[in-house]
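A quick write-up on the structure given underneath.
Order of writing sets the chain letters: A, B, C, D, E and F. Residues in each chain are counted from 1.
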Amino acid sequence: MIVTALPSPPDERRLAVVPPAIERLSKLGHEVRLPTGYGAPLHLSDEVLSAAGATMVPPAEARKSAEIALVVTPPEPASLEGLQRGTFVVGFLDPFFALPTVRALAERGLRGMCVELMPRSTYAQKMDALSSQANLAGYAAVVLAAQRIDKVLPMMSTPAGTIAPARVFVLGVGVAGLQAIATAKRLGARVDAYDTRPVVAEQVRSLGARFVEFDLGIEVGQTEQGYAQALTDEQLERQRAQMAKVVAQSDVVITTAQVFGRAAPRLLDAAAIGGMKPGSVVVDLAASTGGNVEGSVAGQEVVTEGGVQILGLHPLAASVARDASLMYSANLTHLIEHAWPDGELRSASEDEVVDAVLLVDDGAVRHEAVRDQMEATA
Amino acid sequence: MIVTALPSPPDERRLAVVPPAIERLSKLGHEVRLPTGYGAPLHLSDEVLSAAGATMVPPAEARKSAEIALVVTPPEPASLEGLQRGTFVVGFLDPFFALPTVRALAERGLRGMCVELMPRSTYAQKMDALSSQANLAGYAAVVLAAQRIDKVLPMMSTPAGTIAPARVFVLGVGVAGLQAIATAKRLGARVDAYDTRPVVAEQVRSLGARFVEFDLGIEVGQTEQGYAQALTDEQLERQRAQMAKVVAQSDVVITTAQVFGRAAPRLLDAAAIGGMKPGSVVVDLAASTGGNVEGSVAGQEVVTEGGVQILGLHPLAASVARDASLMYSANLTHLIEHAWPDGELRSASEDEVVDAVLLVDDGAVRHEAVRDQMEATA
Amino acid sequence: MAAWQTFAYILASILFIMGLKMLGRAETAKRGNRLSAVGMLIAVIATLAAGGLDYTWIVLGLVIGGAIGAVAARRVQMTGMPEMVALLNGSGGLASMLVGTAEYVRVPEVPAFSAVAIMLTVLIGGIAASGSVVAFGKLSERIDGKPYLFRGQKVLNASLLALALLAAAVVVIDAAVIGNVGGVTAAFVLVLLLALALGVLAVIPIGGADMPIVVSLLNSYSGIAAAAAGFVIDNNVLVVAGSLVGASGLILTNIMCKAMNRSLANVLFGGFGAEITAGGAAAEGVVKPLTPEDAYFILEAAGSVVFVPGYGMAVAQAQHVVAELADLLVKNGADVRHAIHPVAGRMPGHMNVLLAEANVPYEQLVEPGDVNPNMETIDVAIVIGANDVVNPAAKEDPTSPLWGMPIIEVDRARTCFVLKRSMNPGFAGVDNLLFFKDNTRMIFGDAKATITGMVAAFKDA
Amino acid sequence: MAAWQTFAYILASILFIMGLKMLGRAETAKRGNRLSAVGMLIAVIATLAAGGLDYTWIVLGLVIGGAIGAVAARRVQMTGMPEMVALLNGSGGLASMLVGTAEYVRVPEVPAFSAVAIMLTVLIGGIAASGSVVAFGKLSERIDGKPYLFRGQKVLNASLLALALLAAAVVVIDAAVIGNVGGVTAAFVLVLLLALALGVLAVIPIGGADMPIVVSLLNSYSGIAAAAAGFVIDNNVLVVAGSLVGASGLILTNIMCKAMNRSLANVLFGGFGAEITAGGAAAEGVVKPLTPEDAYFILEAAGSVVFVPGYGMAVAQAQHVVAELADLLVKNGADVRHAIHPVAGRMPGHMNVLLAEANVPYEQLVEPGDVNPNMETIDVAIVIGANDVVNPAAKEDPTSPLWGMPIIEVDRARTCFVLKRSMNPGFAGVDNLLFFKDNTRMIFGDAKATITGMVAAFKDA
Amino acid sequence: MNPLLLFVFVLAIFLGLELITKVPSQLHTPLMSGSNAISGITIVGAIIAAGEGGVIATVLGTIAVVAATINVIGGYLVTERMLGMFKTGKGA
Amino acid sequence: MNPLLLFVFVLAIFLGLELITKVPSQLHTPLMSGSNAISGITIVGAIIAAGEGGVIATVLGTIAVVAATINVIGGYLVTERMLGMFKTGKGA
């Protein structure tokens, strides 16, 4: 197959292919054709990319010949221009929110492989880009918070007095939340964490942090795929009230709560944030899907009147773009390797992974929930 | 005694007195009079300060009545206006470089207590502001570097491949260097460190890092006070050459090398920096005394052509201003408690600490090296 | 002795052996005690069944003794156990002494070897009997618990012992050369009286706190007395059971000594140890080293422990084992804290980094001000490669460069372990008087190795 | 027996006891061996000095035997030690057998008890003698090291043993009822021959790799034979030394079994164990649990160890003790690595965080691809609370949801310990066939507690 | 006296030294008391002394029997009571 | 036979069981060999058998002495050689 990558938007430093992925794809017999200047966001020159095995061609040419086009974020419909019908567009397609992109794919007869739809099985984990990026985002969130807050995270007993350890509160303990907990613990903070799924309590404790229990009235489960179920309004209210107390005594709050296919739940309102000490930091990892925190803006830093900084981390993991690209490109490579075992796409009816990720095929959207959403907003 | 504090310059967020210090000074029988709005950089309102026991007065009044005036950085000569003769100005006075300030103090009949001159004895450690600030600076340097670099510090074995741990190289292992090592280790980096004083090798290893040995021809000692001795030119040359190799393979370099009373030694030249990978980060903690790194500018972030970021961290520890102020104010409080055991200043001839720190008294500069420096530049 | 009787005695001995072994482990202790009781029953029955005895007095003795024993055992308060054991041991010693005497009286011609055995029985049994009574008195506070001391005590005890041995020699020679001249000689009575006196004199100078050790030692003595009695009446089960108790009692005594941080010699020679302690002269210049193994016995019995880490912990990279030891101590019921001195290590927060790495809970970290006020109530302070921060010169010696610095006052803890590699001073270069204090024990060696040793001792228990 | 002779024997026995004890510790082993040699010398001299013996043949025997022994000991290669010990043990067993026979021949009227002792001496001595020769053959590869197996082996051995016991009973009854009718009876000869045959038959079915255990067991046998000979000639030092070796040899055999991960029963009943292994039927459904204590013996002898941590290590917070155990293994000379599977734990890099916290050097961390190719050469793989990432279903069962995922193939290691609390599946909910593999040992319980136990066993050694 | 008895003595002493190694502190007193009860084995000697005749020996023997029985009965019962204080299972 | 001998036997067996607890694997063979040498104590029996007269007994006894001496001398020397391989100090 001939593989290319569509350039990322200017505020996105991650790349969908970097040298190790190029090498691997070439070894598998694929040809990688990249638009000149593709590596610039990561200081990768055209020479470096060709040395790894890529053919550097003018952008238009890259599109024209491509059979697979890799993307980091859902491409603007305009940027799909020039791709041949039947070409696979593979990457984050944000199916529930980037509806124009999905529509454009279908209309142009392109085929969309959406990595967000990857099954969360043990086997598929090497192709699970949501996990790989969330993991780095969790790390980056803590590092950012540590840099922004005006105190140190660890406890220090010094001749000038003892500095108490900072309190970090992680809300939502998926992959990102776990890594955030681990990183904050490493830096010596006292970490509390909370999630609606009770199974994560053990995982939280396995990292040495404390799991905060709120009384929500009833137990909340998870879907088969491991995603959280949505809470009722009343449950959300109870949770908010009890959480405000924990938030008030925290120096850093990191929120990562997502519900698959929906806007992120609003966990902290202005009142809760208002209870925090001036100088405290809130990092909202869900900012781009609506935000867990009232007032958070994706990609921006907002300082409240009370002196609390709310950082809407976006795009995910962009602050560790080099490693994020490494992981992401490896995920895509694994996917290509799995889906085209010998140049031929596995049939969706036989392969669970292809069935799950193949979002747009033959001009149609294959995923029911996405279809519903599109109809609703049409 | 009546204690006040001179406001810090706008780019300095640290304060010389914060509530715990106010409480302690009041308990010792001193009166703390602060100019209104003093706490603004740290979001401390006048109410909070008065609640702690300070009297909030208009700035001019604060100066007029003060017997002791605390500072965070050497005050501009102009800002000494309004202090009565005989008033003690206590804090960082940067005696070898802020000569105008020293001169102004002497000329106006003020008395200067310079905390940089604190003896480095075990007993005096609680008053040692250089240590307390350097400690936080070491932490802040690593956190800043971690935030700026486009990869993660720890090793991560993930389904998408293994991320190798970042390599951090700490140059100069005083208090700041040690804390930098500890923090980088905590974050999971592979840490190398180097210092000219061989005694620190054990300390480096005690933190789990590797001490890099360079062959400098001869052994280099330390002064009685624990400060490093200056190296000869030839030694510096050898060191530079061997160091370039280590630097080239590092993702983060943190330099902290200082020599008491002199400009910081130049450890890394453009060539060495040029050998580093694009995206790497260099943090120069000595930027404000001339810099260990060619091209570093205090308080600025410079990106080289090769894509290396050079961060001149300045002012020290300002990024963790809240804790830095806590420590610094505690150091000063301890000094006041020690120097004025019952309202009376201990005589310099009897007390080692007072003798050391009392830089300007009776219109004269008491410290010989500083006097020499002043004469040389006069 | 009939073969079946020997077999019964062998069976009894096996039960004693297994019983003793099992008594040393919590899970099996109960079963062990019962096994050994069955062994005793078998031995008694086998003895009675051998026949040839007039049962009247025996049965009378058994009934009276049994009744007294049973009632006493039932009545005694749980808190009064040690003194009860002392009394019981006293009657055991008395019994052995009487058996020896009876044999001497009964047999017309005692062979020399038997005479030796008899004298040992009488001497050791007598000491155990009267010593136990004194121990009982001290434990139950019928006698003042303070050590009774007077000049020349050592000399007196030594002379009395010499006299007793001399008298015993006379008896033996009597027996060997001219044959036992029917009946008790003056020399024999003298041995008897001196034994009783020695028991009193040996125990009286020892302080009440050491009494449990003394009782254990006297228990070992009465075991040996029983073994000696076994030689007197040529009875194997007595020899076996007595020797077992004698030897294992000695080991137990040693274990108890270590748990109380006393040396066996100190207790063995009674008053001598007490006298030195009472003298109270600051034992400056004398360093008391300890092995990690012995340290275990003290830690095992400690209710409150404070760790004081310093730069040496960092050098040794001992933080993980320290955390593990702390864990074990907590599990063992001790209250454990880590007191971090502000200047410990080589950078501010040095100890925090290490202990956080080892996952020591923040709740266990305290400042000097939190432990100093109650330092007297701390059973053990473990100083791990710290030096300047625990140097009492800071409060005792105004000429010291450390003078005036607040320290962690481990010198006031009940016991203080100092773990370091040598007597070298720390960063400040100041010698440390802590090392010479009475309650300080130096554990030399790399701190990690030392603590690893303590941990091993714990896990092995 | 003269009193002085008894004393000499007692002295010799004490030296044997101390010698044996010291032989068990590396620091004292040499001194221990010499002490026991001195004990032997004393025993021999005391025997010779008792007089009443015709020295001609004795001296001849001593000289010839001494010369052969000394030359053989000097000549043997260091690598040939185990077979040398087997031969030496064989001559010891032979000697006891002959002593028993000689006594039977010499004494006109053997009492029943002595007859029993003689028969035991002959039987056990004979087995030790011929068994040792076969073991020598296998070890020196003069006999094929493979287990010789045939149908009905068990039955044959059992019948021969029964026959031997029957014949021995005849001899004893002979002696008891009609008196020893002067000279060797057919029954006696039969016992002798059967003993020799049993020795051969018991050892021949055992594989060469197990021979050291067999030699140790035969050593214990020959100790018991010596003790039995002691009863025959009413000699106490024989009884003591023989029983000591017999009992301690059994313990040593047990220790060696554990180090080789074999059960004593398996070896004791000779071929039976081998037969099962040879059968080779996949023992699916049978789980073999192990205690941490026994695991120690295997680890102690391991030259290469791979740790495979998983989510359970995180839950148990066992990382610090894992690092400690790894340290101890390295000190013990083993090559140690930690193989981190990419999906181990519950987040990417989960294991890295934990192991970095415990200061495991990065050099010890490897990926599955680094260990899988040489897994056969790994002595022990320790799986710590991992499950899915070591599930062989990923390569063996195409219907499994894990099918196709690269795993860490610990099932191919020589021995694999799996530390978990139960047989529950992991995150993926898939049952794990690894638990049932032949070379897998399950160590149930919290992983931290388990490893702590292993560490304790190590430190205690 | 049978010289073999010396043998028995030596072996028992060694065995006694090996038998006990490490004892948790709560067991110190029960172990002491339990082994003290065993040292009451002198009861066997006392019985023989009390039963073999001779007036003085009988008197002394009877007193010895009383004393030894107190030791034995009291010792076992007291030990039993102390051990009853521990919860079964992991008492250490 | 003296029944006390049984006593001796029982005690020695128990002592043997207690004497060895944990042995580092390098010492397995030396310990086996060293204790094997001790089991050569049967030499005492052999000497008596060879020296007490009777033709057959003397023949058997003499062979027994040869065999036992091989065991004793060979055993101690072999053990000594094996232990010589360890460095002194911490050999474990």
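Simple rule for what comes next: contacts are C-beta pairs under 8 Å (C-beta built on N, C-alpha and C of every residue); 3 or more make two chains touch, one makes a residue touch a chain.
Predicted model only: the values in this text are computed from it and were never measured.
Common neighbours of subunit E and subunit F, listed by label, are C, D.
Comparing chain pairs D-F and B-C, the larger number of C-beta contacts belongs to D-F. Counting every residue number used by either copy at the subunit A-subunit B contact, over half are found in both chains.
Subunit A and subunit C have CA centres that are 66 Å apart.
Centre-to-centre spacing of subunit A and subunit F amounts to 74 Å, using the average Cα coordinate of each chain.
For the pair subunit D and subunit E, the distance between mean C-alpha positions equals 38 Å.
Separating the CA-averaged centres of subunit A and subunit B is a span of 39 Å. Each of residues 125-126, 131-132, 135, 154, 156, 158-161, 163, 186, 188, 208 in subunit A touches at least two other chains. Annotation for subunit E: residues touching 2 or more other chains are 2, 4-5, 7-8, 11-12, 14-15, 19. Across the assembly, subunit C contributes 17, 236, 240, 317, 342-343, 348-349, 353, 356-357, 359, 460 as residues in contact with two or more other chains. The chain pairs satisfying the stated touch condition come to A-B, A-C, A-D, B-C, B-D, C-D, C-E, C-F, D-E, D-F, E-F. On subunit E, the positions that touch subunit C within their shared complex are 1-2, 5, 8-9, 12-17, 19-54, 56-58, 60-86, 88-92.
Here subunit D touches subunit B in the complex through residues 340-344, 348-349, 351-353, 356, 359, 362, 365, 367, going by the rule given at the top. In the complex of the two chains, the subunit F residues touching subunit C come out as 3-4, 6-7, 10-11, 14. Within the complex, the subunit B residues that touch subunit C are 121-123, 125-126, 131-132, 135, 138, 175, 178-179, 182, 185-186, 202-203, 205-208. Of all the residues in subunit D, the ones that touch subunit A in their complex are 311, 314-315, 317, 342-343, 346-350, 353, 356-357, 388, 401-405, 427-428.
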